[in-house]
Structures are given as C-alpha cells and as structure tokens.
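Next up: some structures, all given as structure tokens.
What follows is a pair of complexes built around subunit A, which joins subunit B in one and subunit C in the other.
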Partner chain A sequence: MLDVLHQLGGGFAGLLQVGNFVALLVGLVVGMLVAVLPGLTLVMGVVLALPFTYGMPITPSIILLTAMYISGTYGGAITSILFRIPGEPMDVPLLWDGWSMAHNGEPARALGWTLLAALTGGLITATVMVTLAVPFAKVALTFDSPEYFAIVMFGFTSVVTLGGGSVANAFISLFFGMLISTVGVDEIYGVDRFTFGIGMLRDGIGYLPVMVGAYGLGEVLVRLEQGFASAPMTGTVRVKTRIPRLKEAWSIRGAFARSSVIGVVCGIIPGAGATIASFIAYGVEGQYGKRRRELGRGIPEGIVAPQVASTASVGGHMVPLLTLGIPGSGATAVILGAFLLHGVQPGPQIFDTQAALVYQIFASMFVAVFGMGLLGYFAIRPLVRVLYLPEALVSVFVIMFCLIGAYSEHNNITDLWMIVVFGVVGYLFERYRFPIAPMVLGAILGPVAENAFLTSMISYQNDWTIFFTRPVSGIVLVLALVALLFPLYGHWRRQRAARLVAAAR
Partner chain B sequence: MRRPSARAAIIPLLGLVAATMLIPVPAAAQDKYPSRPIEFIVPWGPGGGADQVARKIGQLLEADLKVSLPVVNVPGATGQTGHAKLLSANADGYTIEVMTGDTFALAAMPNSPIKLAEVIPIGILIQQASGFFVAENSPMKTWADVEAEAKKRPLKVAITGFNSPDDLSVSYFAARGMKLQPVPYAKPGERYTSIIGGHADLLYEQAGDVRNFVDSKQIRPVIFFYGSKVDAFPSIPTSTSLGHDITLPQFRVVLVKAGTDPARVKMLSDAIGKAAQSPDFKAYLKEQYADEASYVPADKTQAYMQKWLDEARHLMAAIAAKK
Partner chain C sequence: MPQRLRALAPYVVVLAIAAYFYYVASKFAFTPRGGRLGPDVWPRTILVLTMIVCVLRIAAGLRAPRGDAPADADGGLIADVAKDAGHASDAATEAPAERYPARLAIGIALTVAYVATLGVVGFAVGTFVYMLAMTVVGRYRRYGVATIVSLTGALVLMFVFMKVVYLSLPIGVAPFESVSLALMRLMGVR
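Let's look at the complex of A and B:
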C-alpha cells in the first residue's frame, strides 16, 4: 500500500509537466462540451479526439482521453436540468428529478446536487481504481485463455440483457458485430474469411470505422430525418450553482453509497457502462430508497443516484482495461487504441513495464475530478452556449471530424467507405429499434473471444469442458448464463401470470 | 430570457476550426518523395521485438526523411494479417513493413502465402539468437531438467504462431521424443503473461525482447539456438554445443511492395543504411543482445533471406524424416 502511495506521488509530480497538464485541461473542457451537445455522444467525442493524439507522447494522450471520459459523464446533466435536453443517454434519469427540481424553482440547488454527486462518484471511483488495480493485476496474471473467454462472454450477455428493449434485437445486433469482426485473415491459422477475393477486405474491418460510422454518422442521419428539430429551450442559463450543506448530503448517504457501488460494479463488467449504471442506480433508488414514493417529483436522491453512478463507472471501466487489456465500452476501446498506437499493450504485466505511465493516469483521474467540479461551478454558463449553435452546423463538423479522424488512422480510403456503410447501418438500426451498443461491442470483443477460445482449445487438447472446470472461468460463465436467463425468467413469469389471470376470468 | 449574442456562439465554433487545422492532412501524392507520412506496418502486437525495432528505426528515419512514420500494429496468423495489409496497399513507397523470421519461415512451405517475389527487401535491421525460457520459479532450472520433464508430461510452449521458426524448433524436439505442445500467442504481452502466470511451461523468444523480465528475475533462458555462445549469457548452452543442428536466428527485415519505383526504393534503403550505422542504433542492438554486425544492406538482403530459407527447408525435411 505504501508503495502504491509512493508511486501515486510520482504520478502527481508527473502531472506538473506542461504537456500533461494542458492535455488534462483540454480533455476536461472538450469532454464537457461534447457531453452538453445532444448530437455528439461522449463515445463519439473520444473517437474524434483520438487522431489528435497520434502525434502526442503517450502520457498526455491517455490523460486527455480519460479526462474527456470523466468530465463527459457530468456535462450532460446540466443541460438535462436546465433545458430538459439530455446531452448523453446516461443523463435521461436526470430529467425526472433534476428537471423537476429546477422546474419547482430551485435550479441552483439541483445543479449543486449534481456537482456534489459527480465529485463524490469521481473521487470514490478514482480511489477504488487505485486500490483495486494492483491486486486485480496479480489475480489477472493467473487468468489463462479460458478465463478471458469467459469474461468476454459475460460482457456479451450483459450488454444484451442490460440494455433494455428487445433481447432478440440485441442478439441480432451483437452477432452482426461479431460477424463483421471475422472478416479478413484469421488470427490463428491465416485463412481468408468473408473476403470474397476483395483485397481491401483482407485487412479486416476495424472496430473504429464501425464505431465512428454507427455512432457518429448514424446519429447525424437520424437527426437529419427529424429535420434537426431539437427540443425547444426552456429555462435559463443565468443561474448559479448552490452546493448542498454537508448535513443535507449526510442525510442521503445511503443513496450515495448504493449508487457508488452500482457505478463501480457496472464499470468493471464489460458491456455495462455509464448509461446502464445510471438507469440501474435510479431504479434501485426507486425500489429501496427511503423516500422512494417521492422519487420523480424533484428530490435530491433522484439526482444523486444516477449522477454518482455514471461518474463512478469510469474508474470501474479502467480496471479491466489496464489489467486485462479488455475494453468494456466504446470509450475504453478508443483509449485502448491510443495505448496500442503508442506501443503499449495493457495487461497484467503493465505494472512491471509501464508503472510510471499507469500512476500518472491514476493521478490525473484525481485532478480531473476536481477540475471537472471547478469547471462545472465556474465555467458552465459559457460552456452551455454551444447549444445555441445551429444543429445543422454542428452536424457538418461531426461528419467532417468522423471522416478526417478515420482517414488519418491508416491513411486509407477504404476506411472512409466503411464509415459511410456503417453510418447507414447505424441509421437503420436506430430506425428499426436495434440497439447499436451490442454491435459495437461485438466488433470490439469478437476477436478477443475467438482468439481466447481457439488458444484454449489448442492449449488444452480440444477439451471443451475446460471452460467449466477451471474455477474462475466456470463461475464467470455461470454468471453470464444467469445474466442471460434472468430476463427470460421474468418474461416467462409475466406470461404465466397473464395466463393465470386469463384462466381465472 | 436574454439571447446570448451570436458572437458567443462563434467562439466555440472558431475553436473547432482551429482544432481541425491541427490534424495533419496529407497532401496529394506529389513528385517529391516522401511528401506525406509513411505507414510502418508491424505484423505483431505492440511491445514485442518487431514493434520495438520498427519504432526505433522509424524514429531515426523520421529525422532523415522529414516525414513521420506512424507504426500500425496488425497482429495475427504468424504475421500474415499485417503482410496482407502491405500487399493490399499501393506500391508507392508510402507503406512499409517490418517482417520477422517468424513470418518468413512460412515461405518454406509448399503453396505458401508468403512469396519473396511480391516484395522488395530493403535491409535487415537486426539478427538475434532465439532461445527457450522458463519462469524463474519453475521447478525446471536447466535444459536437462526440461528434457527430463518433457519425457514425463506434455509441456506447453508459448510461441508466436504456427509454422514459425518457434514452431519448427518445437517440432524439432518433439520429433526427438519430447512431449511439447505449441500454443500460439500473437500478442507479445499475452505471450509473456503466459510464462510469468504459469500457463505455459516454456517460452520461445529472443533475450532482448524480454530483457526487462530477465533483468527483473522473472524468467531465465535455458538454451539458445545459435552457432556460438551468446555473450551476455556465457553459462547458457547453445543448440550447437549440445549437438542439435538447429539455429534459425531471428532476423527482422524492412520490406516494400514489389513494383515500387526504384528511385523511391533506393531513397528508403539509403536512409535505412544511414540509420542502421548510427551510434544510437548500435547502442540499441547491444541493449537487445543482438549481433553487432546485424545490418545487411539492401543488395545483400535477398541472398541472406534465400540462404535462411534453405536452412528452414532443410530443418523441415529433417523433422519430417524423423517423424
């Protein structure tokens, strides 16, 4: 533990370098801006920032992206509360109590609760991350390919069932993503798959064009169809933030504690994430909170729960990314990309090979949390002005950044076509209510799953039971199965109840 | 409500415009070469030997050619995935690749996907001895221990990919009655984790690539496949000293696609020659436990690779005969 503190001290010292500090500051501001704009999701923001890091050294690159990630979980809450415009999907629960409280004439108080919640969630998640990462890496060292396979499977089933909506559609989306990821030369035996003799398909389809297309271009197309008619702006930007008293905050400590745990756990599970954490935390508050009956009418618990959970998920996400090299979300996949681009492979050995870098990232998280708070308190008014930009104009920039960003990754025209194709796919998915997240996760983790599966089979003489007989992989696979069957069980129970009711009539 | 002035909205917009200018937008192909970044394909994951040498030489070339050489890691299928990427690019000198002996060994097979005629080698950067490594806490301490243990139970060997020299070396000993199970890990990080985490019993690697694990006493070599003793490890036996006719040293060569304009090829190979002779690169070779005379200029590379290939074929025939 002392060693960790010592290393962390070194990390803080490293932040004093101008480049790192500027990266942190830029990341915070840009993350906040991206979160405020409803047409630009946080994941897209991180994707679009990636090309800027190509020419930077690795430390500021990662600091920039993680700072964006953390402040991106906060900015959208402000527009939810003030204008009833959720900047990010994770800010939707804030419409209920946050906007109600503002509507009841207490916007300053609502903003204060959000700020406190984001600060608390951020500090808890950064602390958990620092304390968990080293022991987690030690445990991760004992993970062989069957464990990696099981973890990825757990991620797949969670993204399918936690997303809400149709499970069947989520599965279709997931399998489509996995199918895309098999295009190209296979990783173990070098066989061409789904290339149809087309040279450019031999390269395979990277997850970046899939993400940029589906999230970025797809979203623009959806909004274009709606004629860029954003919700009318009601409310005011002229309010200040009023931080709640310590006594008030202490009285709802239960909400803080519950949602911190939910946030961190949802972060660690690949496939879950800020949005899911935010909804679950709000739901749990509605079931177990002391004032659950008043939820939705503008009580602090309803603001605190989703906000704490969103921000707390960030550190949770960073743990498997750093210690296993498994990205559990779009944003962390991009951060992984930045690591690889600079020649660093995250994994259990990263604390041996890149300790200084890891601790600078940790230190930057703490500073980022405070920076985010200060920014939210003092600079939020100028920042939310971006909402006055005509949306068509913003969309043009989004498209331009999508294309430039994807092109500069490989200087490859093929990638631009891929973006257009997946832009249309994303639009159709959105249109016909297929969730996009499972497809993206399938494209990101599909190759990880396949590789882990084949390596396990080779390593254990084609004995498939190995996935269930090794303790960790067995337990994780059972959890994955439970995650999958649980909603089906609920569905069956509801149907049975309906049948019984019908029979009784 | 007061409507904020249009000026206020313009400021973030200007920020966006300024930001776009920071992205290096490559100019259209011009007569002057190189006029835009040269993509440097590494057909292995980050952190391994191929990656390290590409980043090192890329940095030296950048200073000379005045363009950047971004490294792109394309791991998979013993380097074939990355090689496919070179072959699908234009033959304009803006895509180069570092190929390793692992991938080149595939050329020794009939119907091989790797053909020397499809590429132009422009210089060998590094030659190193490969060896088998064990974890420091493994009960096997010496090569004799390994030989004895492999008679009793199958040992897992972490290798880069199938049909690589790693695989050939494993087959060579398997054909001599040792129970060895090769397991391919294309990503160096996974390969190193497998030996340190105890998932594999042996690791086939070059000492320089895993220097930090060797120095921090997590793994140790038990045998090197080389014609002479490796200077830094005088106590470790070599294949030749134990009477095994198997060396296949690791080498890493820079390639461009066949059909590239000879003037551009010459420009690149000259720049590589200059970089390889720099004190900076010499120091790097020493740090990597590599042969000091590693560099082979472009005009001699083809012959070197042909000779290496003959040796690999010879080894394959020897393995087949023994089976």
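Let's look at the complex of A and C:
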C-alpha cells in the first residue's frame, strides 16, 4: 500500500508539468461542453478528441480523454435540472427528481446535490480504482485464454441484456459488430475473409471507424432527418449552485453508499456503463430507499443516486481497461485506441512497464474530480450558453471532426469511406431501433474473443468444456448465463403482474 | 405492406444477408492444419447465431396476436425503471413529429460528394463548400452567418490540423492546389 501511495505521489508531481495540466483542463471543459449539448454524446466527444492526441505524448493524451470522460458524466445533469433537457441518456433519471426540485423553486439546491453527488462518486471511483487496480492486475496475470474468453462473453451478454429495448435487435447488432471484426486477412492462415476483392478491406476494419461513423456521423444523420429540431428550452436560467450542508448529506448516506457500489460494479462489468448504473441506482433507491414513496417528487435521493452511480462507473471501467486491456464501454475503447496508437498495450504488465504513466492517470482522476466540481460551480453560466448554439452549425463541425479523425489515422482519403459507410449503418440502426453499443462492443472485443477462443482450442486440444471446468472462466460464464436469462425473468415477471392485475378486476 | 410484415422485414433482410455471408465463409480457401480450427469457424458460428435470432424473431412475430408489440420490445432494465418511476416516455425513443427524408438523402449525397472530390478540390475549398451546403440543408436560414462560419471553420480546421497537429491534409490539384498553397503560405504552414 505504501508503494502505491508513493507512486501516486509521483503521479501528482507529474501532473504539475504544463502539458499534462493543460490537457486536464481542456479535457474537463470540453467534456462538460459535450455533455451539455444535446446533439453530442460523451462517447462522440471522446471520439472526436482522439485525432488531437496523435501529435501529443501519451500521458497528456490519456489525461485529456479521461478528464473528458469524467466531467462528461456530470455536465448533462445541469441541463436536465435547469431545462429538462438530458445532455446524455444517463441524465434521464435526473429529470424526475432533479427537474422536479428545480421546478418546485429550488434549482440551486438541485444543482448543489448533483455537484456533491458527482464529487462523491468521482472521489470514490478514483480511490477504488487505485485500490483495486494492482490486486486486479496480479490476479489477471494468472488468467489464460479461457478466462479472457469468458470475460468477453460476459461483456457481450451484459451489453445485450442490460441495454433495454429488443434483445433480438441487440443480439443482431452484437453479431454484426463481431462479424465486422473478422473482415480482412486471417492472421493464422493468411486467408482473405469477406474482403470481396476490395484492397482496403484486406487490412481489416478497425473499431475506430465503426465508432466514429456510427456514433458521430450516424447520429448527425438521424438529427438531420429530424430537421435538427431540438427540444424547446423551458424553465428559468437562474444558474446558481447551493452545496448541501454536511448534516443534510449525512442524512442520506445510504443513498450515497448504495449508488457508489452500483456505479463501481457496473463500471467493472464490460458492457454495462454509466447509463445502466444511473438507472439501476435510481431503481434501487425506488425499491430500498428510506423515502422511496416520495421518489420522483424532487427529493435529494433521486438526484444523488443516478449522479453518484454514473460518475462512479468511470473508475470501474478504467480497471479492466488498464489491468486486462479490455475496454467495457465506448469511451474506454477510445482510450484504449489512444494507448495503442502510442505503442502501449494495457494489461497486467502495464504496472511494471509503464508504472509512471498509470499513476499519473490515477492522480489526474483525483484532480479532475475537483476540477469538475470547481468548473460546475463557477462556470455554469457560460456552460449552459452553448445550448443556444444552432444545432446545424454544431453538427457540421461534428461531421468535420469525424472525417478528419478518420483521415488522420493513416493520412488516407479511403479511410473516409469507412466513416461514410458506418455513418449510414449507424443511421439505419437508429432508424430501425437496433442499438449501436452492442455493435461497437462486438467490433472492439470480437478479435479478443476469437483469439482467446482459438488459442484455448489449440492449447486444450479442441476441448470446449475447458471454458466451464476452469474455476474462474466457469464462474464468469455462469454469470454471463445469468445475465442472458435476466430479460426472460423480467418478461415473465411483467406477464405475471399483468395476469394478477387482470384477475383482480 | 401489412404492418406485421413491415415489422418483420428487417429480420428477413438480415437473415438473407447472414445466409449469403455463411455461404461466402464456407468457400474460404485454406489448407487445414492438423487439429487446428479453420478461419471459417468463428465467422460461421457468428452467422449461425445471427440466423437463429432472426428465425426466432420472425417466428415470434408471426405467432403474436395481430397488433401486439414484439415479444421483447418492451423489456429491458432502463424501461423497467422508467416505468416504475412513472416516466416510461422519458426512457422511450419517441418517433419525431416530422421527418425530412429528402434532406437526409441530400446530406448523405453531399457527404459522399465531399469525400469523392476532396483529393481534387483540396481540404480548404471542399470543406468550405461542404460546411456551407450542410448548414443550409440542416435548415439554418441565416445565410450570411452560415457563410462566415463555414469559411472561418474551414480555415481554422486547416490551421489547427496542419500547423498544430502536423497533419497533411489534401491540397487538391490545379487550379485548387494554388488556392490551398496560398492559404498555407498565409498560415505559415510548410
């Protein structure tokens, strides 16, 4: 532990370098702006920032993206509370109590609770990340290919079943993403797979064009078809924040504790993310909170639970990314991309090979949490002004960043075609209600799953039972199965409730 | 087309595409190596799973009573929480009041044209025209502002990515090349 604290101290010292500090500040501001703007999502923002990191050293690059990630989980809360416009899907639960409290004449109090919740979630997640990462990495060193395969499968089932909407559509989206990852020349046999004689497909399709196209251009195309008709702004613009007193906060410590645990756990599970964490935390508060009957009428617990959970999920996501090299969300996939572009492969060895970098990232998370709080408290007025920017103008810049981002990876115009293709695919997915997240996760983790599966088959003489007989992979696959059965249970529960209601009439 | 068939059409299309890709995967030419699985196994597994999901979905759709929602469409944790909180509509993706398919088609066509001509007209000229056109297609009616923003945007992006990020953006061919080179000289980009 002392060694960890010593290294963390070194990380804080490293943050004093001008480049790192500027990257942190820029990341915080841009992350908040992206989260505030309804047409832009947090993942899109991180994706669009990626090309700027190509010319930067690795440490400020990762600090920039993680700062965006953490402040992005907070910025959208402001517009949810003040204008009833959720900046991100994770901010939807804040409409119910946050906006209600503001609507009841206490917007400053609502903003104060959100700020305190984001600070608490951020500090807890940063602490958990520092505490868990090293032991997690030590355990990960014992993992073999069956364990990696099982973890990826767990991620796949989580993203399919937890996301909401049609499970069939989520599965199709996931399989499409996995299939995309098989395109190109096979590494073992040297065989062309699904290249159809097109030269540019022989190198395969990276997950970044898939993400940039589907999340960036695809979303703009959806909004363009809707005529960039943003929701009308309602409510007052009395942007002032009143931080709750310690006594007030202590009285709802249960909500803080429950939501922190939910956030961190949802973060660690690949596929579940800030949105899932936010909704689960709100749901748990509705089931077990002391004032569950008052939830939805503008009580602090309804603001604290989703906000703590969504911010707390960030550190949880960073743990599998750093220790296993497995990104569990869109934003961490982009951060993984930044690592790889700078020639660093995250995984259990990273604590030996790149310890200084890792601890600077950890230190930046702590500083980012306080920076986010300060920014939220003092710069809230100019932040909400960006809502008045015409969406058509913002969107055209989003497209430009998507295209330049794709071009800059190889300085090749043909890469832009990938963006256009996946932009249209992203639009079609949105239009026909196929979720995009499973496709992206399939494209990211598909190669990991295939390699782990084939390596296991080679190592264990094509004995597929190995995935179930090894303790860790067996347990994780059982968890994956539970995640898979979860929607069936939900469906059965809803049908049973409907039958009971019908019988009572 | 009856509503039920329209709802099932995407799954029929995906099923047909998956079947075709399965056929393609079964034709991968490789020499098996002792005891090792071939490069076709993984994609074929994915495609079989895709086809199973489509068949199940189509069967469920055909069996469902007329007018019912798809069996799993209302599920999901997010929808459950929203429903329990009494705000189901907040978590649902509601259909927009108006759609502009023509604008969408023009937007896609403009993007395709931009990518196709970027190497010829260069970044500065192509980006200015594209940004302006997309802004107008996006129903922004203050043309003067749109022109200024597009021009400034194209130049700022060019400066940032060429001068700060050291990215080699396309400069086009004559006569557009001379415009790009003149702008680069003005910006101090070598």
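Things worth noting here:
The rule is simple: the second predicted complex is superposed on the first by the 490 of 505 C-alpha atoms of A that agree within 3 Å, B and C clash if a C-alpha of one lies under 4 Å from a C-alpha of the other, contacts with A are read in each partner's own complex, and residues count from 1 in each chain.
In this text, a residue touches a chain if its C-beta (ideal position, glycine included) is under 8 Å from a C-beta of that chain, and two chains touch if they have at least 3 such contacts.
In this text, all values refer to a predicted model and were calculated from it rather than measured experimentally.
When the shared chain is aligned, subunit C comes close enough to touch A:167, but subunit B does not.
Once the two complexes are overlaid on the shared chain, A:397 sits against subunit B and subunit C alike. Contacts of A:105 after superposition: neither subunit B nor subunit C is touched.
Once chain A of one complex is fitted onto chain A of the other, the partner contacts of A:424 are limited to subunit C, with no touch recorded for subunit B. One of subunit B and subunit C touches more residues of subunit A, and that partner is C. Legend: residue contacts after superposition of the two complexes on their common chain; A:54 is shown touching both subunit B and subunit C.
With both structures placed on the common chain, the touch criterion links A:189 to subunit B and to subunit C. Of the two partner chains, subunit C is the only one that A:283 touches; subunit B does not reach it. When the shared chain is aligned, subunit C comes close enough to touch A:175, but subunit B does not.
Of the two partner chains placed by superposition, only subunit C is touched by A:457; subunit B is not. Comparing the two interfaces of subunit A, the one with subunit B and the one with subunit C have residues 51-52, 54-55, 186, 188-189, 191, 393, 397, 400, 404, 408, 411, 458, 461 in common.
Considering their complex, residues 33, 51-52, 54-55, 141-145, 184-191, 199-200, 202-204, 236-238, 325, 339-349, 352-353, 382, 385-386, 388-389, 393, 397, 400-401, 404-405, 408, 410-411, 451, 455, 458-459, 461 of subunit A touch subunit B.
Listing the residues of subunit A that touch subunit C in their complex gives 51-52, 54-55, 92-93, 95-96, 162-168, 171-172, 175-176, 178-179, 182, 186, 188-189, 191-194, 217, 221, 224-229, 275-276, 279-280, 282-283, 286, 295-296, 390-393, 395-397, 399-400, 403-404, 407-408, 411, 413, 416-417, 420, 423-424, 427, 432-434, 450, 453-454, 457-458, 461-462, 486-487, 490-491, 494.
Across the interface of their complex, subunit A is touched by residues 1-4, 8-9, 11-13, 16, 19-20, 22-26, 36-37, 39, 45-47, 51-52, 55, 68, 70-78, 80-81, 84-85, 87-88, 94, 106, 113, 156, 161-162, 181-190, 192-194, 196-199, 212-213, 216, 218 of subunit B. Partner subunit A is touched in their complex by these residues of subunit C: 10-11, 14, 21, 24-25, 28-31, 33, 35-40, 42-43, 46-47, 49-50, 53-54, 56-57, 70-82, 84-87, 90-91, 93, 96-101, 103-104, 107-108, 111-112, 114-115, 118-119, 127, 131, 134-135, 137-140, 146, 149-150, 153, 157, 161, 164-170.
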